[in-house]
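Labels run A, B and C following the written order; every chain starts at residue 1.
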Amino acid sequence: MRYGPIVFLAAFLTLSASWCGFVLTPQIQLGRAVQETNSVVKAELYPQGRPGLARAGLEVYRADGCFYCHSQQVDQKKTLVDVFLTDAGKTPTAVAQALEDAHAGTFSAPGLAAGLPKPVLRNATMESASVLASLLKKAGATAELHLAPAGPDIERGWGARRTVAQDFISDSTVMLGSQRVGPDLANVGARLPDENWQLMHLYAPRSVTKDSPMPSYPFLFERRKTGQHPAPDALQQLPKEFAPPAGYEIVPKPEARALVAYLLSLRSDTPLYEAPLTPPAPPAAATNAPAK
Amino acid sequence: MNSPTNQPVTSAPRDNSGTKDPAVPIWLIVVLFLLVYWGAVYFDEHGGWFDSQVYTPYVSAEQLKTFQVSGGPNPFEEGRAVYAKTCVACHQANGQGAPGTFPPLAGSDWVNEPQPGRMIRIVLQGFSGPGLTIKGQPFNTGSAMVPWNGLSDDDLAAVITFVRGNKEWGNNASPVTPEQVHAIREKVKNHPLSFTPAEIEQISPAD
Amino acid sequence: MNATCTTSSASDAVSTVEIDASCRVPLFTLFVSAAVWLVVASVFGLIASLKFHSPNLLSGCAWLTYGRVHPVATNALLYGFALQAGFGVALWIIARIGQTRVAQPWLIAVGGKLWNFGLLIGILGILGGDSTGFENLEIPSYGVVFLFLGYLLIGFWSLVTLHRRQERALGPSQWFLLAAFFWFPWIYFTANYLLLAHTPIRGVTQAIVDWWYIGNLNLVWFGLVGLAVAFYFIEQLMNRALHSRYLALFTFWTILLFASWSGIPRSAPVPAWIPAMSTVATVLTLVTALSVMVNIYQTCGRGCSQTENPPPGKFIAFGTGAFVIAWLMNSISAIPEVNAVTNFTWYTVAQWQLNVFGFFAMTMFGAIYYIVPRVTGMEWPSAKSVGRHFWLAAIGIILIALPLAIGGLIEGVHWRNPKLTNVDVAKNALNFLRVSTIGEVLILLGNVLLLGNLIGLSVRYYKIHFVPVYKDVTAKLDPAEVKP
């Protein structure tokens, strides 16, 4: 290493290799991503983009550094597959035999048609599930495969599936976080959708979560004298030690409302090609019809 | 302090008359190569080979494909997506079009015919020309319908199924398969783009 | 303490005295500002640390919320102290090894002033809510412009100084510094331009660029400059040559090749190949740590445990040891099974603190304590404070890194148990945090000692060198001496 130019060249080549690898190539692969239809409900384009108030909330999230304690990345260790029998077909004995052959357990042939769709194999790998599905098909039944992502983050309820690049294309300033003092927020809009709870949690975290280490954000709220009628968006149900004195109310400032709108817009549970999952069936719609 | 005759090695090349500069210990090279080998194996197993759609825990594009088990194809919903991307600009989200310019699809005759031949032709090759009247309303000749033969048979079948079967618009005609679209595509291969109303009137719907 | 020996017998040789004198102006700007920012960083770091014990501390003021105090502490430490002190020490080493005067010292000092101005408005911007949202890059764009302009002046004239060296062949310290002076503007400009310019890049590519920058700054840049300084001073203080140039070359290449790809976390929402490459590269940085360990150990031999080690030597020795431990911590935690436990925990914070403060800052302290007396020709006002600073800083960083590393590992195990809520996990980590706060206090005290020493020396220098001149110039003239 006698000459300056050789050292310079070494530095230049290694840095350009790293630049090509982590700056250029991801930009080529991911930089022009657009909304795509999701893999289950093809009519929906994902992601929808954050509505105006939530976009303003992202700026509050950034300015107050929420990402130093909260991450927005859900990880997934594996994808488990359940096999659901949807139609027992015309020969339930053959179906029951196929199930036994595949070590899925013993099912009585007459009882197969009851309670469909019902799971016949749970938490299997894709290989064994596909084998069972094809065996069932040969026996004249129809089966569906349901995907269930699994991992420590998902067990904690932080998300239905792992987060992927598509979840963030409509955000500018993507704040994924690098430390978890508090829970992951990638799917918090699905987990904690109550606006009042979120506002109380920002005003005084220990009022809704005992012993929470989160700092309080009273500067996002205004304490003022209650007028003739309480303000409609004043914080309700604050515990006594956090509530303002009588005659006063706590009203969220626009920043607080924006931040909560942003938090409620944080969802990453849509099935996608790169992160497939079978969403839980929506509950049966309530009707006014008399119960059968 | 700096002794004048003892220049540290950081500043000067070692003179060749002295003892040889110790080399990198062999065990360190061995460790390096072992780690490089481990790294290569690890990347092979977990790297997805640079595919932009493979995220852990999936390890390859082929494996990811096997996990695409969304409950079966749904042409109606796929057609809804195609309509939203392609047709909504002119025919509007409610299928009513614009009076005098873009014909409505909701409740219109050619859409609801039992045989879809006319409609497939219009969508494939485009449509323009004088003399079009739909539900008593005349449509001017100024704006032509663009041919959509660039879309695949699947997409065309999906969007035509969606329009024909959209009960919200009052349409209740049969769905269309990609094979039907393909058959018509072959038939009109040599026809110049853009059918006129007169031509469509002459074609039997069953064709 | 003036150096009276000349270096070579060539007729155009520049004496060490002249070299040191040419360094005076830029080093004064860079070192004093660095020491001020260091104290600022420690104060804000202490406030941030205290907020974990009493979350309601100072929570009424938006400017002092944790999410603003924390980035101020890290940015003041990185850009205020670490980079500035690094520039200053690198410049002095380049001048000394090259046996040439610093080129355009006043322009370098102007660069330093621009840097500090940019940092000041940037820090105030962060406190006011303009943080960019990217870790280690929180300075808003209006501050970045001045930081970059300041660097251009500093970097360009430092490279000119290197170019004007007497001995054309380059030694390990110079390779490392040359690469580092080239590395920083590229990564800084790329990251800030892509993330903060008018149309930033979209989606997770932002996060990837941010992580790329963090890895290159913390591992590559601090590694290159810190090791260059450590190698130089080990040779100076031990008065013997570095054990093996080839090992230094090996270290150089492994830093450039592997550490430049580190930094992407395993769980990131990016295609699998990106974290996989980063994992492999970070594990491979193990060989860098091992090569430095072997080189230094063989150089020092049995002499490392001398009781007569002057304080600068103690700092350098501690810094080198911290380098090896921090890089070992980093590469081991990149192994996927280990990373599943350490990801997102205090362990990564401990590793960062050990690398930036334990390794880089301590090495810079040793260098500053060595350089300033030689450049100014004066002794430190309080020699005892230098020794006290060492013990405060050493014990302080150990009290930060060790509990947080252990606490982080325990926290990681707890996070994998879904029955424990995040409040339980936080409560279990609290005692470790309390110990680390004590460490922050000790570090703050040590930094105040450094600042006091520097200011005291500057005041004394001013009094000795400027006041008499000033008095002389402004004295009343004797009418008899005035020529008509």
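As a convention for this text, a contact is a pair of C-beta atoms (placed from the backbone, for glycine too) under 8 Å apart; a residue touches a chain by one contact, two chains touch by 3 or more.
If you're wondering where the values come from, they're calculated on a predicted model, not measured in any experiment.
Taking each chain's centre as the mean of its C-alpha atoms, the one that lies farthest from the centre of subunit A is C. Here the chain pair with the top count of touching C-beta pairs is A-C.
Subunit C has its Cα centroid 50 Å from the Cα centroid of subunit B.
If each chain is reduced to the centroid of its CA atoms, subunit A and subunit B end up 25 Å from each other. Centroids built from CA atoms put subunit C at 39 Å from subunit A. Counting partner chains per residue, subunit B shows two or more touched chains at residues 13, 50, 52-56, 58. Each of the following residues of subunit C touches two or more other chains: 169, 174, 266, 269-271, 277. Shared interface positions of subunit A, defined as residues touching 2 or more other chains, are 2, 29-30, 75, 162, 164.
Residues of subunit A that touch subunit B in their complex: 2, 25, 29-30, 37, 39-45, 75-79, 126, 130, 144-147, 151, 162, 164, 271, 273-276, 278. Touching subunit A in their complex are the following residues of subunit C: 51-52, 55-57, 59-62, 65-68, 70-71, 129-135, 162-163, 168-170, 174-175, 178-179, 182-183, 186-187, 190, 194, 200-209, 211-212, 216, 249, 252-253, 256-257, 260-261, 264-271, 274, 277-278, 340, 344-346, 348-349, 415-416, 418, 422-423, 426-427, 430. Per the touch definition, subunit B reaches subunit C in the complex via residues 1-4, 6, 8-14, 21-25, 28, 31-32, 35-36, 38-40, 42-43, 46-56, 58-59. Those residues of subunit B lying in contact with subunit A across their complex are 13, 50, 52-58, 63-64, 66-71, 74, 77-78, 80-81, 84. On subunit C, the positions that touch subunit B within their shared complex are 3, 5-8, 16, 97-98, 167, 169, 171-174, 231-232, 235-236, 239, 241-247, 250, 254, 266, 269-273, 275-277, 279-281, 283-284, 286-287, 290-291, 294, 298, 336.
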